[in-house]
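Per-chain numbering from 1; labels A, B, C and D assigned in written order.
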Amino acid sequence: MDYQQLIEEVYHEVKSANPSGKVADYIPELASVDPNQFGMALVDLEGNIFGVGDYQVPFSIQSISKVHTLAMVAHVFKSKLWSRVNVEPSGNPFNSIAQLEFENGIPRNPFINAGALVITDALTSKFDNPIEEVSKFINEISGKECVQINQEVMDSELKHSERNTALGYFLKAYQNFDNKVEDVLKIYVAHCAMEMCCVDLARSFSFLANDGYSIYAKREIVTESMARRINALMLTCGFYDEAGEFAFRVGLPGKSGVGGGVAAVMPHKFSIAVWSPELNEKGNSVKAIMALELLTDKLKFSLF
Amino acid sequence: MDYQQLIEEVYHEVKSANPSGKVADYIPELASVDPNQFGMALVDLEGNIFGVGDYQVPFSIQSISKVHTLAMVAHVFKSKLWSRVNVEPSGNPFNSIAQLEFENGIPRNPFINAGALVITDALTSKFDNPIEEVSKFINEISGKECVQINQEVMDSELKHSERNTALGYFLKAYQNFDNKVEDVLKIYVAHCAMEMCCVDLARSFSFLANDGYSIYAKREIVTESMARRINALMLTCGFYDEAGEFAFRVGLPGKSGVGGGVAAVMPHKFSIAVWSPELNEKGNSVKAIMALELLTDKLKFSLF
Amino acid sequence: MDYQQLIEEVYHEVKSANPSGKVADYIPELASVDPNQFGMALVDLEGNIFGVGDYQVPFSIQSISKVHTLAMVAHVFKSKLWSRVNVEPSGNPFNSIAQLEFENGIPRNPFINAGALVITDALTSKFDNPIEEVSKFINEISGKECVQINQEVMDSELKHSERNTALGYFLKAYQNFDNKVEDVLKIYVAHCAMEMCCVDLARSFSFLANDGYSIYAKREIVTESMARRINALMLTCGFYDEAGEFAFRVGLPGKSGVGGGVAAVMPHKFSIAVWSPELNEKGNSVKAIMALELLTDKLKFSLF
Amino acid sequence: MDYQQLIEEVYHEVKSANPSGKVADYIPELASVDPNQFGMALVDLEGNIFGVGDYQVPFSIQSISKVHTLAMVAHVFKSKLWSRVNVEPSGNPFNSIAQLEFENGIPRNPFINAGALVITDALTSKFDNPIEEVSKFINEISGKECVQINQEVMDSELKHSERNTALGYFLKAYQNFDNKVEDVLKIYVAHCAMEMCCVDLARSFSFLANDGYSIYAKREIVTESMARRINALMLTCGFYDEAGEFAFRVGLPGKSGVGGGVAAVMPHKFSIAVWSPELNEKGNSVKAIMALELLTDKLKFSLF
C-alpha cells in the first residue's frame, strides 16, 4: 500500500470537491484562523510519516486532547465500568446538562464535556502540576517537544466558560467532583488550548493503533485491553452527536475537535490526523470527515 | 487458531462462573423457557462449524431478526443517510417514544423498535408476502430450511403490542409510515417470533463477516460497503442502551434479542451466535455477553 | 355593572386593534371558516344574556368540550387525586407523548389530550351511548336543544387522528385505558366536533360560576367543592402551555379550543364565551384572549 | 365570620389528625428544628390579628422570600411578559436544570430556583446594598422591625449551594445573568435565611390581599393589576410541582418554603401564614397544607 499516493489522491479529491462549513467562532482566536487550510499526516507502525497539504502547521487540538487525558488516567477503568463516568454514546449535544441531571451526575462518556471535566478532575487530584504533566505526556508519546499551549486561546476560553463552570458545579452537587471547579477548569482549558501539527498529533495517537505500546516513548502507555477499549469508546462516542454517522460512513475510531482537527487510528496499521477549520453543524470538520471517508473507501477496509 | 477448543474453554468458564439474570417474562411463551440452557456456535468463512452446549436447540431470535430485515432493504441506505431512519445511538431504552417526539418522527437507528418498525414498513411496501420473503431470505443465507415461526409466541406478542402500536401510529402522525399499522405489526411480530438454533443463526450472519458475500446463497447479499456499514451500526446500536459497554468490553459488532440470543461477527474471520435465556436489566443475555467478552480476551483481538 | 355596555366596549376595542393569527388548518373543515368572525356572550347568574358580534353563530367547540365531559365523570375525583389522571399543569404542548412516558402513563391533567382520552374512556365505560349522553348533558345544562355534531368535522378529525391513536395505545400499554382505542376515539372526536354558539356555550358553563348548580337543569350538576376544583383546574391547565400567561394577564378560569372559542367563568358573577377563529402560536384565539384581558381590566377585578 | 374560632377549629383538627412528614435535612440548621411546632396567623384587611399555636415563633421563611423579592422588582413585568423570566408553571422539580436548557436559559417562572436567581440578579443590579434593602422592604410592609437573618443558616446554605451555583453559571451562559454568580448567591441565601413568625409573615403578605396597597407602609407597594398578577403566579406556580394540587384542593394563591412555612392570601379578605416543619415528598409542609384545605372548606369559599 503506497500511503503517500493514497493521501495525496484523497487530498486532491477533497480540494476539488471543496465542501464548505463554518469556522468555530465562539472565541475570536479560533474565528480568525484561515479557513482554507487543509492538511493530513499518516504515521505507520514503524514510524514512517506521510504528509500532504498543511500537515506541518500547528492548530488548536481542542477536544482531541480528551483522548490524551483519558489515557493518562485510564487505569482507573477496570473490566467493569468506572463509577464516575459511563461509556455509552450520549445521543445529545456535547455540552448538554439535561442528560447529566436525568442520570444523576454520572456523565454518559469521557468525551462529552461533563465526562472530560471528571477526567480532568481526576488528573488534578493525581498530579501536583497537571498542565505540565499533560504536556510532558503528549511530548513523550509524540517523541518530540511539540506541544505549545496558546495562552490567548486559553484566556479566551476561560472568559467563555460559563457553561463548563455550570457543568462543574452540577457535578459537585452530585458529589462527582473533588477539586475546586475553577482550578480544574483552568487545566481543562489549558489542555484544550494545546497546539500541534498533524504529524505530531498522528504520532501521539500511534500507541492506540499499536495495542497500547508507543514506539516513541518505548513503553506500554496503556494495556492492550485498554487500548482496544479506548478505540471502542472513540468509535461510539468520538464525534459528538454524529458518532454513529462517522462509524457508519468511515468506520475508524477517532476524535474530533472544534479547531477542525480529527485524529483517528486503523488498529494494527496506522494513525492519522486531518485538519481543516471549517465545521459542519455538528461541530466536526467537513473536509476532515470527507477525507477519512474517501480514505477508507479507497483502502477497501475499515474496522468492519 | 483452534476455534473448537476456544469456545469450549469459554463455555466452561461461563458455566462455572454461572452469572444469573432474569428470563424475559412479558409473554408466557418466553417466560416458560428452561433458563439453564446455554449454547454457542462459531462459523468460519469456509463454513466450518464449531459448537458447544445447546447450540442445536432452536430459540426465539426476537430482535436479532432486525438485522436480517435491515439487510433486505439496505440498498435504500445510500452514502448519505436514509431519510426515514437515522444511524445514531439512541441513549434511551429500545421502546422509548419520547425521543421519537423530540426528533420529529425520525427514529434514531433501525434497531430500536421505532426504527425496526419503519424497516418492516418498507418491507411491507416492497413485497406481496413479506413474512414468506423474510423466511425465504434467512433460509437462503443460512443455506438451509431452518426458520420456524412460533405461532404461539407470535399471537402472544400481538396481544401485548400496545406500545409498538403506539409507536406505529406516532410514526404515521409524522408521515413516516406508509402501510396500515396493524398489517405491519403482524409482520414485525412474525419475524421476531422466528426460531433458529445457534448454528443456523451464525450461518445467517456469515455474509456480514465476509464483505457482504454469502457462501450459502452463493451471491453478494449486500455490497462490501453496506456490509461494513451494517457492522458499524451493530457496534454502535446493537445492544440497546448497553451498546457502548458491549463495544468497550467485547468490541465486536453484534445484535441481541430478549430471547437470550446474541449474534456477532469478527469481520474477515467468523460469525458467532451465543444463546442463554437469562437477561441482565438492560435486556441482554448475561451468559452470552460474558462468553463473548472472554472470547475476545482469549483471541487477543477484537475490531480494535 | 352594565354588562352589555362593557362587552360592547371590549368588542369595539378588539375590532379596532384587530390582532391577527392563523386559523387552525390541520383539517379542511376548520381551515375554511371565515376568519373575521368574532362574537361574545355573557350570562349572569339569573340567566340574563348579553351578546355582541357573531354571538349567535355556531362554531366548533373542540377542546372546550373536555370541561363538559370532565363534569360528567367528576364524581370520581375525590378529595385525593383520581389515580388515573393528575391535576398538575403540564409545561408541554397539549399533544405531547414524551411526558406521558416520563410519568408512566398517568396524564398530567384532564385537559391535555392524553388526559381527555382517559376521561372519554371513563365515559365509554359508564354509558351505553356515550355520544348521545354527552349531547343530552350539554343540552340540559344549556337549557336548550343546542348541540349539533358536525359530521364532516368528525370524519375529518378521525382521518387525522394518528397522534391521538398513538396516545390511546400508549395509555393502554400502561393499563390506563379500558375500552378499545378506536371506540373511544370516535366518541372523543364526536364531542370535539360539537357546534354551539357563544350564548349556548356560556349557558353551559353557568353552573361553574354558580357553585355547581345549574339554573337551566334546575339541579346540582357537581358539588360546590367540585365546581371550585374544576375552576382551579381550568385556571392552572385550561390554555395548553399558555395557562400561566392567561392566569397572569386575565385571571379567570377558562378553557380554549382550536376552533377559536374560549369559555370562562367569573365565580359568583357570570359565565362568558368568546369566539374568533384566528389562533396564536400556542393554539389560543388571539381576539378572545385580548377581549378577556380587556374585560377583566375594565371590571377592575378578576379572581385575585 | 369569626376568624379566631375558625383557625382554632382548624388547628385542633390538624393536631388530632397529626399528619406526619420529614423535616428538611439538607443543612443541619434546618434538620435540628423541633418538628412538632405548628402555628397559624390570619390578618384581615383592617390589620386585626388572629393567631393560634406557635404563631409567634420565628422560623426560616426560605422560598417564601421569593415573593417579597419579586414584589421589589415587579415593575419590570409589564402587560407583556418580562423577557428574562416566564410566568408558566414548570411541571418539574424546583431545582431542575434540564428545563432551563430546553428553554434556552429563560426560567419558566420566578419561583423555581433559576427564576428566583434572575430576580435576585435584578435586585443586585438595582441596589447598592441589596440584603439591607430586602430586610428594609419586608420590615416596611410588615409594619415592624421583624426580619432577622440567621447567619448560621446562611453560611450553611452557601456551603451547599453547588446546584444553585450551576444554575447561575448556566443562566450566565445564556446571557441571562448580569452580576457575579457568587455575589448574587450570597444575597439569595441571605433572603432565604430570613426568619419571621407567622404574624409578621402574614402582615408582609397583606398588600397582596389588598389590591397592592399596604396598610402598614401606607402606600401602594405594587399596582392593583400587578397585585392580581402576583397572586395568579402564586396560584399557578407557588408550590413547586404540587401547585396544581394545591389550587385544586385549597384554591388560594400562596407560596411555600422548605422551612415548613406557607403564606397565602384570600384577595379582598385576608392574608394568612401557617408553619409546621414536617414536609411531604414535594417539599411542602404537610400540616400547613392540611390546615389551609380545612380552612377553605369551612369558609365555603376559595377564589373559585
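Heads up, the rule we're going with is that a contact is a pair of C-beta atoms (placed from the backbone, for glycine too) under 8 Å apart; a residue touches a chain by one contact, two chains touch by 3 or more.
In this text, all values refer to a predicted model and were calculated from it rather than measured experimentally.
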For B-C, which listed pair, A-D, C-D or A-B, repeats its interface with over half of the contact pairs the same? A-D
Farthest chain from subunit A, comparing Cα centres? C
Between subunit B and subunit D, what's the gap in Å when you average each chain's C-alpha atoms? 55
Centre-of-Cα separation between subunit D and subunit C, whole angstrom: 32
Where the centres are mean C-alpha positions, what is the separation of subunit A from subunit D, in Å? 48
Give the residues of subunit C that touch two or more other chains, as numbers and ranges in rising order. none
Which pairs of chains touch, using the document's own definition: A-B, A-D, B-C, C-D
Residues of subunit A defined as touching subunit B within the complex: 79, 81, 86-92, 99, 108-109, 224-225, 227-229, 231-233, 235-237, 241-245, 247-249, 251, 253, 267, 297, 300, 302-304
Quick one: in the complex, what on subunit C touches subunit B? 96-98, 101-102, 162-163, 165-170, 172-173
